[in-house]
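In what follows, chain A forms one complex with chain B and a second complex with chain C.
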Partner chain A sequence: MHMESRELFLHGSRVPDTGPDGELMTLNMGPQHPSTHGVLRLELKTDGEEVAHIRPHIGYLHRCFEKYCEKLTPPQIVPYTDRMDYLGSMNNNLGWAVACERMMGLEVPEKVEYMRVIVAELNRIASHLVAIGTFGLDMGALTPYFYCFRDREMILDIFEEICGARLLYNYIWVGGLSHDFLEDTDDKILRFCDHFEKRIDNELNPLLTFNKIFVNRSANVGVMTPEQAWSWGVSGPSLRGSGVDFDLRRDDPYSIYDRFQWKVCVGEGLMGAVGDCWDRHWVKVLEMKESVKIIRQAVASRPKEGDVKEKVPARVKLPAGEIYCRTETPRGELGYYIVSNGGNQPERVKVRPPAFCNLSVIDEISRGALIGDVVAILGSLDIVLGEIDR
Partner chain B sequence: MDFLMGNIWLWGPITAVVIAAVITVNALVSVYLERKVSAWMQNRLGPMENGPQGIFQTLIDAVKLILKEDIIARGIDRPLFKMAPYIVFGASFAVFAVTPLAEGVSPADLDVGVFYVLAISSFVAVGIMMAGWSSNNKWSLYGALRGVAQAVSYEVPLSLAVLTVVMAAGSMSLQTVCVEQGGGFWNWNGLALHKNPFLVGSFLIYFIASLAEVNRTPFDLPEAESELVGGYHTEYSGMRFALFFLAEYANMLAAGILASVLFLGGWQPLLPALDFVPGPLWLFGKAYFFVVLQIWIRMTLPRLRVDQLMYVCWKVLVPGALAMLVLGGLWQLMIKG
Partner chain C sequence: MDFAALVQHLRAALPEAVLEEHPEAFSPWILVRREALAELAPLLRDDPALDFNQLMCLSGAHAPGPEGERLWSVLHLYSTRHGHKLGLKVVLDVADPACPSVAGVWATADWHEREAYDMVGITYTGHPDLRRILCPDDWQGHPLRKDYVAPATYNGMPLD
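Presenting the complex of A and B:
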């Protein structure tokens, strides 16, 4: 009895060891596996090539983010948020800054708001490029990966110029930004937009999205119904891939997203059922185009005068109380729940990471799939282990 | 010379050494070619450090592989594990024995050359199964099961496509097949619509099936890196891994050689006027054309899934190859009389 409760404590509910055709084989995918996108371990119960159950084991990248937050002041926490979803660091920064500013009732200058939107959307494109490239790589398409990284490199170069870092930016501060744009940054961003829109239509889509083999591999695979998506708390492109028209940038606006003309892209089941891997991929492709639209508008209308550090408080002190603030990162709904007792450090910080919830649905949507499909489904869910484990 | 040619005990070992050297050099060249061609396709430079344009990179990699520790993990079936790479390598090695290099020149001109090639290359599947089974690793086992299923299935359309050529040439000897295609590129089986139009269809089917036979994308499931880690050679290291590697590139070249002998005239020059260029150059030029084609396809296409792989074989290629065989036979009977 004792052993059993210990087992339940360690592994949660039991996964059956037998299927309709007899005993199932346990296959350990990860933590050292090329397609688990980091240090994730998937325990597969397989019947030949067919997968009966999947249980994800996480925690290999746990770095006590939430506990550290209790010992740091809000500006000190910003670099830690970089390290959660390291592919979308700007968006993590933004979520934290917005949460703290809402709690403090701090207004940031117009100029800062516009610049935040620009970098957040650029980062969304960069993150989606990695997601799309590695998704292709999971299915054996080697070349799109390099094309995606080439385009991402242009964004990273822009980021390097404005804040000195290529991956972990610490750029969006509570109340402002760490640096202003350089004189030619706007031109560079617009040049990237021109270049990038053509690349999507001329390279990425013909080579990967509409490739016959790619469509065969991803259409009708890992179908997630809207009900499943809602009930598992899936968010972001994975939720919209299932045809749910929901985007926090529009439906729970933060910053100045309500000022731009853009649309929320949803999966329509163009190649198969609504909510399959291909739809999740397609939503990301469309979203990159929408991000380019937002960036163009923001660059065109942004005020150029003013200091980006003007409103940065000398000492950030969160008033007593609590807040749950959610923003749309490339992976979905990133929520910060902050409890403060009025001291220098927050009393408790809880993060609701989108990738964690997106990963949890994998068992349900990949029952009966083949091993090759599991890799595709995992790739289409676009997880970042740094965020899941924190 | 006659003494040399007549004495199998002298001639045999010399040929074997030459073929082994060709295979080794081929692996060095092909790996370098693959790296460079893929790099050019992907906006990269590829190897650049060792030697001009990095030409010594593969040589140094080979030295590294030889010097590496040969790890045999606990629980591995040692005799099978040790033997498997040699069987795989030996099978791909033996295929080269019947390569026709020029008119009347081949290491061994067998009357059943085509049959010999098909039979001996099937041994690769045995080696793959041994490697996967003995490794005591589930990923290796999956790779081996996929590899054997694939090799056995794709041999059917491959053999049927080759049979069409045999029928047209009236011989199983690779030399005769080459001689039959003389007189310019319009007489090559793969291009000669006037000789027998169904050979062109067989050419396509043969090429697709040969991709699967040598485990190249889009049929590289036995060693699908993103799914099965390393496939059947997950547990291999050092020299034994190098042997699998050598065999893979030898197979690529063998598939290219066979394709050019059967469908592109082998050692026959492009035009009769270009006769002065020696036959082996033509043969290897054509074979490397296919090797580059394989690399190109690998860099362009994603990988099929297991069930789709079987679908392509049994529902597309096998009926297609059968149709080509029957129609080609009828053409041979009716038109050619």
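Presenting the complex of A and C:
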């Protein structure tokens, strides 16, 4: 390592070293700290137990996604999108498919639209379950984690049946889907919905959400105002936790979300200030219920006849031009900026990952918090390093 | 406001700023004069008629074209109150890749501009902390340049 960068690594020189009461201490959280949810290094400048600044260092998982995109055709890129936010792969696939289809002016069959909504919402629940489970784990609650993963397992079993994969699905293709549902998939999904809805109210909420220790650890911690959220580009449950009524599924519609009855959930400050860690957790809990509602409606009204690969083009070629297309993943606004010159491969693909922007706000909302609270704040922001580093 | 009204409004407020408009694009965008961006950005956010409170995305791109090597800094803006969107593009010469930073207007630009600097080498003037973000601090070159050649070694370690 060069001398200069070694200095940077050890001391992170651009963060002020002194606070009002004298010299600040540097504390490195990560890159191998379990609470950082992956490989992330947070450089904390602390004044005693109080955090003065946080400087996140990212890039440990950088796998050159955008560079690869310039060498691949749009259908070949789909499996790569899986590997960004690996907890919400269906949603990443969907965002890519929607962006390409908008450029090509491609209409997908009704049946495919309904099935996409079903799998995307199932994946949203699965992702929120991991977020909630690990957030509890960060607060010292071990049991809810197992309950969350038990329920998530049911979703993964359904996904495994329909596409053969449990984590990286490559399921939503440009123009269609890779496989049709099996005969009993609808029943299994409905059985999951029946099972899961009760578990939220009977298990998850009493055990975790309204647990006194959990509330004390998360309420009034890491409060984010709506202005901060907008300025830092925060989106998804973290934005709605601050009381902002905004969801791309409703406000910048794509696919067929406008056909379903559901509501956008926002944080109301039930346990403390609006926009604290508890509110961000609460929004995810409520959203899972709304997703169940959407899934039930979609399963009930979806057309069963037809081929899911009917409209998949033999050769996908993006017309010349550029587009910025965004969709709502479990973590927020996933945007694809695609530049094409009409060739087989895109000229440039830039991904705007929601967790990238959500993480960037951590410095501002952690100032003055205790070191232990940083774990809570990071957990509540629900980051996936795979998509931050790409 | 629709795209045409937005452009008209901007041309009235800052006559020199908008060089080209592309309403036909999938995401309509305007070409902005580099020198005007620093003045334009606060206007876009603070003018109640525009009210672009969200910088959705800021991308850097390297575009070799007929008129020479160019770098793009592209902003995509959205107003939650009015529901309108706008794309802004600043085109830079590779030999002079300086672009005014908008991190003081939309805080999220901080990290996005660092990424654009890291990947294509746009240097944002007025950025509070312009350094690499995804690559290591001592990485050589900008990987998303079209003429980028991946190094064989990094600090003595073979990369193949």
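Following the convention adopted for this analysis, the second predicted complex is superposed on the first by the 377 of 390 C-alpha atoms of A that agree within 3 Å, B and C clash if a C-alpha of one lies under 4 Å from a C-alpha of the other, contacts with A are read in each partner's own complex, and residues count from 1 in each chain.
Convention: a residue touches a chain if its C-beta (ideal position, glycine included) is under 8 Å from a C-beta of that chain, and two chains touch if they have at least 3 such contacts.
Keep in mind the model is a prediction, meaning the values are calculated, not measured.
Of the two partner chains placed around the shared chain by superposition, neither chain B nor chain C is touched by A:His179. When the two complexes are overlaid on their common chain A, residue A:Pro34 makes contact with chain B while staying clear of chain C. In the superposition on chain A, no contact is made by A:Lys188 with either chain B or chain C. Shared-chain residue A:Asn216: touches chain B; no touch with chain C. Of the two partner chains placed around the shared chain by superposition, neither chain B nor chain C is touched by A:Lys293.
Taking chain A as the reference, the larger set of touched residues comes from C, when chain B and chain C are compared. When the shared chain is aligned, chain B comes close enough to touch A:Val375, but chain C does not.
Judged by the touch definition given at the top, the superposed model places A:Arg83 against neither chain B nor chain C.
Across the interface of their complex, chain A is touched by residues 38, 41-44, 138, 142, 217-218, 220-221, 224-229, 298-308 of chain B.
Contact residues of chain A toward chain B in the complex are 25, 27-28, 33-35, 49, 136-143, 146-147, 150, 207-208, 211, 213-214, 216-217, 370-373, 375. The touching residues of chain C, counted against chain A in their complex, run 25-27, 29, 53-57, 59-63, 74, 76, 78, 80, 83, 85, 87, 106-108, 110-112, 119, 129, 131-138, 143-144, 155. The touching residues of chain A, when paired with chain C in their complex, are 1-2, 4-5, 8-9, 14, 58-59, 62, 64, 66-67, 102-103, 228, 230-233, 246, 251-252, 321-326, 333, 335, 337, 339, 347-348, 350, 352, 356-357, 360-361, 364, 389-390.
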